[in-house]
């Protein structure tokens, strides 16, 4: 954690400007009939989970270029996550990944308490082979042709649930890379039947108050077909499983040009939107920082979420899921959490009664102008004030850099080699 | 129709070569343990419907360059369709489009009998405004915000059913362009609710033995969102409507890179594959000739269809849906019907027991090689012999050109102006 | 034109709020060390040309749904363009399209003067056949296999130059739809050789102070190959022709996911960026309103343009090129011109010295944050104040609606039929 | 190497069928006026290089699932490459990758001679950091902002040339991953200036008879921009460098839907096509087996190459570049080399005089039918007979499996761990 006087010092330097900006925005919003305090209050309550693996430097199949002071284990990772939440007040929980983060529940709970975090959804891993694993996932996991391999994957997911129960998690997220690289390699129908049968075993092991989140992805690591390739198949899974099963939408997992906000709307309409993995992308599953490539798309997703907020049953889970290859992961996650809040705040500014009127009368130009009015408002003072009031930093990156946190942990955590992997 | 002696003459010239090629292929297939006659017999029974509008020259929003002898009405169109079937023996039915083809049922039936054709699915049109139409579809049809406009679209579809009953059709295909061009122009959820409610009225008007086919499309004419944008939404429609409702897959209506054969498999698995619009495309809904751009993809679709053939309930409808901008439409439709049969014949050659074995043992290389073995076999002699034996032409294009059919109808049908439309 | 008291009245109602917003923004920018007046001054000088065809309602190959009061000819169109500039003060020139707008130069000049406009680049049309045209462009124009057809296209372009000289234009924009719909239909190399040879004839006819702008486009109306398919081929053309030849970039003419701002940078670096057609798109060449789908991409393009502004030789032409299918074209063009100015103003806010420092030290996070800081600033008060000071409207759409201009011209201009074209 | 009696035994079993198939095809081609022996002779002379790294199992950023008997070093790799050529007679050379394959030239030459191979283009590696490397490539190599890092990359490339000269290579292939992950991270223009300047140093070090091949790629490992992102930029590089510089086309490095065969034609026309990396892909740079996803596209590329063959200066280099994640790499490379030959043979079958006639008269349908006629001919007997006559295997995969080569090397080469890398 960062010493509170460092944060205070950074805030002191920025406080006057923030106050002026916030007041000016408050008056401008007031001229539009919007109460800035109400928006700020909603933003303050809004949090997004951080993935434990996100605080390590990511890479590609070509290379990974590690940073300094990389976390050695889940406890280091929780330290880093704690800093992110300390400064942003926007990331109150962490999503764990098994077996990478497998540790005794008591130790996890104790560390989480220490750094002021709780645990979000559990993530299982059947897309890699672990040391001493009996069956390989080279040709699939939950949908493998071999029953014993499927059982091993089922057991692993059930073990994730067991561990999750001990640390207060309420959801299991399943993402599998199962698919094929060649036409004909797999029989699409039988593969999906096997997937459904295996996932049913996991579903049956869910506690009553848990949610099963399944995640679709167009491609990668499989390059011809993927068993849960899009929201259509994901919907079928959730329908086949039952009420506790819902769909998770990762913003980077779709075909080019796809209208993602519409998928969000459809899943919401049919009660099957379970949660998000936020990130941004230009080409494939690039896992770039949320909002860094197409911030308007992120806003349009949040426009759907705010639209659905009135429904009391609507409560999707929110998580960042990014790969930080060229930035300090802590910085990227702080900025990304802020971007999520920014899109949320902008969507809250949209006058929905006015919008509905334009939609009803097919006034396309004024309808879209109404949305844009929300988007183009610079809500940074709201986000910063919410952070400040909650004990965070006006400018998280500046405070973080001032703290020298990275240098401090680098002194403790040994440098990892940058040698390439030879996967091309 | 083309005089039979012209066809006979053309066939006589090509017969010896065909016989030699067919015999050689028969022996080659025999060396692979395949009975050529059995394949030929299946191919001979396989037909694909021709769209009535397909025999006119198509165009783009920029221009249409008419050919000579363009059909003036549905009766001219049926003449052209008759020629296509006469020469290919592969297109026994025609799919009508209302109101373009609206004529007294008796006249349609009489003409169809004259040219030896039957009627396939009816196609409604609520994506254009017709002269004297009360409400405009500019902002939608079945999903319009205005109830009277929706009702007009519902009534039109029910009228299509009424006409279809009189001419022996058993299916209604609904494709709507409803959507939006701007974020915010429409509320996704309410728009889809209206669509479902309106389509329910049409569904309720279906005779017991009819099928409702709904068609998804990613974009065009709407360029931000489309109400039935993909197979996920299409599936929801079919689920909401009931057993008579199924999904129609147009090969050109998907996002870039999407694995279409997998969508075919999923819809088949859940009993919701209703039919196809065959064509090919490189960029968007290009409506190019079937198999002209990616013949292997067409083969992979047929691989799924042959896979599903054992299921007695599996009986999707097949139609060509193309825009012939630079070719004689009769020639393109003849070649395209042949390409559909080619893919079917190639898929029939795949040894499915062997394939299943490789799939089961995850021998990806041999599995895909097994598929490719079917694909790379030149089955043209089978197709040509099936045509010849059914009274068609060994080489339909050659026979058609020899017949001078186009010149003959051009003498009767006046030349259409090529002036551009000014839509850019 | 709209009566000035109507504009004044509308401005009066909005003036107090604008003043407050502008002052607040001025203070906020001052806190960032930016002089709002300097930005406003640059914005005030920034104009974008309107395409004459843009004021008519557009359509798709499926249908066109006309609006009311559609312009009957170029003089009506100039009236509409005059209104756009009157209210936005951002569109001082009009780009004509031949032969659609072919009228005596004196009449064009006189009308332009009346409505306060000048003429931008000339646009030739060899993608449609005109009544009484000798050779058809069905199979190409400048690259046609037939020399006489090529000559006809050359002559048409030279005629465009002749007309342009009389009305003060300084550039010819060539866009051709030449290409193919089938593999093998054309020989890529010979087709391009013919294109280069024909374009050379046009180039040779250019006055000394003119620019030849060639436009690339991935596809449509040709659906397999297009002779000027991308910026690589476009660059080759400009290189082959000479110094007066430059490349025109239409934002909607690229493959999915392509980084357009990088193409802008490359063409700029090698002195070959000639101009822009601004619009927005989600799928193909959707020709949606500029900035309506991905405003950040538009900003990133302007970031390159502002980056290049210091180069005295850098002077690309700017034009809107959109299809307004569901909105009043005047409204869409006004909003789009504003969006172009908005992106320009946001790009001006970026501190380039700071940005360069982060780039030099590979501080990716702070570099992108620096860009985003410009983008997320709501510069609307700057744009509105610039308009107001130049005699335009604070809120152009509101003033336009208050003026009843559309109803007034509708009384004069007869309603166009909405019947569909039958091109599917 | 595989014992010759094993190959002989496998060939004996397949010989009678091959002879019958070859004779039947010969007669069928004779009926089309084509001399099968002439085609076979051209195919026999056609070879494609194998990448040394291709014989190891590939992976993704998520995981690598090693096979058994993976090569430990370049000498093992050359053994595997020797087997591929032994059985296919289609892969006479190997392309090395430095520093992965760095060994004394004498040892490399000696081993190459032992296994009957020569060395193709050298490949440098500045997309990974090697142990003990002074400067990191995390933020770029040849285009890095830091001059010392650029120099290190230059020196590495020059070292590659030095090594290449000793082993008979005549080309250096440069592929860099330099780019950016965030808008603003890099200045496009300055980055490309640095790239050009650094590459100039490498170019200047080239022996007279060498070729510099630069390779473009749309994205990955950089996810917002890549310095050599497409053929337009690649062309600029080749133009700036000089006559010895040419462009390398990797089939998987383009934007979705791009017409790659047209890029091949353009680069050929302007003398800048230097070579190929063959593979296939459905989504991104999937590096799947050549011809496995879209064999017609591969054929269309070869159609251009055969078209250009008459030009005596036309002599591009050919290499496979694939990632074998789920197959035995030796098997995939053998099948892929065969697919390259298949596309070549099919393209040779096209009657170019006839094709030209149809192109000249704009008979699109017959032009594309002419191409397809070549494509749909099953040329497998030609390929197999060419292999057999050259001492290879009729069915390379069958012979390879019969040889037990993999099991034999697995006994010598230790099993590699399958533990995942933790890069997500």
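The first chain written gets the first letter, and so on, giving A, B, C and D; residue counts start at 1 in each chain.
The working rule: contacts are C-beta pairs under 8 Å (C-beta built on N, C-alpha and C of every residue); 3 or more make two chains touch, one makes a residue touch a chain.
Note that the coordinates shown come from a computational prediction; the quantities given were computed from them, not determined experimentally.
Touching chain C and chain D together: A, B. The greatest centre-to-centre distance from chain B, using averaged C-alpha positions, is reached by A. Centres computed as Cα averages put chain A at a distance of 38 Å from chain D.
Note: centroid distance chain A to chain B, computed from Cα atoms, is 42 Å. With touch defined as above, residues shared between interfaces to two or more other chains in chain B number as follows: 138-139, 180-183, 185, 218-219, 224, 256-257, 259, 282-283, 289, 292-293, 296, 326-327, 362, 364-365, 368, 372.
In the complex of the two chains, the chain D residues touching chain C come out as 138-139, 145, 180-190, 192-193, 218-219, 224-225, 229-233, 235-236, 254-259, 261-263, 265-266, 268-270, 296, 300, 303-304, 307, 355-356, 358-362, 364-365, 367-368, 370-372. Against chain D, in their complex, chain A makes its touches with residues 53, 56, 58-65, 100, 125, 127-131, 133, 136-139, 177, 180-183, 185, 218-221, 223-224, 256, 281-284, 286-289, 292-293, 323, 325-327, 417-424. The touching residues of chain A, when paired with chain C in their complex, are 17, 20-21, 24, 27-28, 31, 256-257, 259, 282-283, 289, 292-297, 326-328, 331-332, 335, 342, 362, 364-366, 368-369, 372, 375-378, 380, 397.
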